[in-house]
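To keep things simple, chains are lettered A, B, C and D as they appear, and every chain counts its residues starting from 1.
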């Protein structure tokens, strides 16, 4: 239904390539730029930035689109692409889909943020949860099956991760603050505890809460003998210094979707972009 | 932590008896009133309304507390208990926990509504879902296992019911309006469709949406050959007249918690009451 | 691949009609006989026994084929069909698929027993398990979700039923005699106990073992306060007399596939018949 | 009930240490030998072989007990322990539990093989399945959730692995030869196919069959675009040379329990040893 015929993928990592690949599989033309150092681009045609700007009707920027506010985030290229003078002067008025667009100094009405959409965050809970499980499998000397797991927090990641752990045969406890979430947790056959009253005796603790809930005192009381995996963005929910002092093994697992499942992460970007196109009639 | 020593259970059905029984098992005194026609009261002591008002420090009314606004809802008694002159004049100032308290003409600050709490509604999604499954097992000539099921709506009941159906080995599709819910549905290994674009070919359709989404046109397009179970409160989400005209078997399944699992429903009332006591420091 | 063009369904209950219906949906001709009292035959054409014998290349008899050894099992007809003089003299040499063929006094090389096949028994564990769950939902005053369930025996029904109960969110314990089965049970996230060392404290006990394992002593020790559902064929695994004396509610749930899911049970018969046709090159 | 007071752990890898640790946690004395190069022995006391032989009433050998038939398998030691002259002359008549005891040239009535027990093999299907999933997570660029997985074979590993994959939200197909296994597979909500008729279109193929079922022709027909993980012991079920020629990524994943979950693998050894002790009244 859209008038877009060709998409330009400007910078980013493997996720963006898989995003472009999946768009190409849907029948659109796809041109990529900023992947010179990448050994293979999944069959997508590489071009310079000006050609891509000309050829394409819409553009997908990385997640995050920029780290310094001025140049695009191009880990697979040694050439800098300046957002404004290299890109926006040529792409002007065509729709641009960017991750965390607020980080860009240059702003415009035709920039849409795919990473700000809730279905994007929910969908990313899947690769994040699998990455957390892969991390636990690597770090824990027993099996997840039969282990006692605590998941703190029943937000997006907590909901998906707890179901997966149960699906592997773990004995799963989930903590939450709200009574309604405790009721949901129990309805799925898992144990529910208040976040303020964490018991102990867990083999693995997955933290999904972006507050410092696992401070020194709680670690001492709850996490003795446990492996702790912190999934919360920095500064994280676990006091790593105290954990080390207490002899508790604690691991930070960050940016999991792009690292463990770039293909799925790329398709999640594509779906969010498609949803924007549909809603905005682009 | 509460100062309440004795609870009075005033009217209601088996749920209230199981609620009282579970409170008694926790060590409190429990007196019941309004169950003369009930053949057994789970070992709870029956008294007249005045004695109960005197003996007890808190009272639990039925769900709904009243049907006519004036007398309490006492299906197991032939004697009317007038809310105001029989009860409130004697219980004055002591806390009263009622279901749908707004239906009572008499109001007071010491009446708390357990049925208005979200964890109460979430917890009741469990007996409602099991009741829906029992209904499907009774009405459908095949097994749930291996059948193609559609659950419309991903609210409280949709979330719990869809997981249970999958747990029985059904092939489950869930419809929702919001993209984020579609993402959650997929994350649990189920198929997700927009409520506005329902496909057909289902053996059983469970409606949880309280809007008339299964009107004549949608029934004709989606539900041919299906068993339709409507879980939405009256007027319901299914056009029953059109269903009959179209030769589609449609069943209304209402008030399931009290009918299929009074014991669990009673414990859910107890838990909501306890949560109120804790939050209000009663 | 078979030369069979028309199937005759001779007697039986709704399962046989659904079996015939499913065969007709696969493109074969289907004629039924012995359903005069049935209000609807799912669109299948009724004929007298001689016509059916002439028209058809293969015949499907009920399960069991006969109760008295001499006449066919035709609960939906008032006319007796004598196996030998009414049927076999006319059908001679054409393949006949019967359930429990040993019960027939008349025997012949062209009679195949679909009910003796293991995949038939395994597939019927599904409707049996669902029937057991429906029975539990009807008889137990709480929800299966959150209840403590014991399944005795880890044969066909035990394997399927325990997974379904877990899928509904029950806390499931399974008993078995062999260490290897205990290992399987644990691998699926359930508790495993020796059949000889049953603990107590269960809300619902499902017996699948065809030995009298729930005798008076075991009932007294294990089943106080439980609902007991006996799925084992007569004489069953539960001492019902002692159960009643001990005040334990015990229910026999027999012949579940045909009663709770005739459609699925009929398709299971069809699949077994098809497997015989393939293996025997009929 | 046993008269054994002290167990000697003679050689092996981390599994044996975890086995010993778990035995020590049960209250027995435990002495270990052959772990000089191991940086930590989980708090277990190291001794020389003669002391251990004297102090202990029973001994646990590695899995496999020996690689050359003559010396014990001691990867964490540079000193050779000769089975006969270093160990059996001192331990004589006391029970010895060995993995794959047939590989030992020296044989005696008091050697029991824990690895030959079926519950040992079943229990090890759990760490093997998790190791396979960890491997898939590492090698596959998408998520397991939502992926199309084929598990060939429905033996011990097939049964456990397929349930775990479904628990992660994969779309799971399992192949088997026997009709009864196809019926079991369907009963758990998964797709069942004949091993001789494998379809294609899978993201990940897990082979559990110890025959060369994925030969060049089958790979070409079934596995194009798939990641293939071979769990069968050498020579394995996958023609790796043809896979490489066809551009199909194939990975051998062997000896998983000891590598991915030594703690669980050690407890599985302990449980098998305890079962032998009980059965043999040692």
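Keep this in mind: contacts are C-beta pairs under 8 Å (C-beta built on N, C-alpha and C of every residue); 3 or more make two chains touch, one makes a residue touch a chain.
Just so you know, these numbers come straight off a predicted model, no measurement behind them.
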item	value
Chain C reached from chain A - shortest hop count over touching chains	1
Result of counting contacting C-beta pairs for A-B and B-C, higher pair	B-C
Chain A and chain B, separation of their C-alpha mean positions in angstrom	38
Two or more partner chains touched - positions in chain D	126, 145-146, 163, 166, 168-169, 186-188
Contact set on chain A toward chain B in their complex	117-119, 121-123, 125-126, 159-160, 163, 178-180, 182-184, 186-188, 275
Touching residues on chain B, where the partner in the complex is chain D	145-146, 166, 168-171, 186-189
Contact footprint of chain D on chain A as seen in their complex	14, 18, 126-127, 129-131, 133-134, 137-138, 140-146, 163-164, 166-169, 260-264, 267
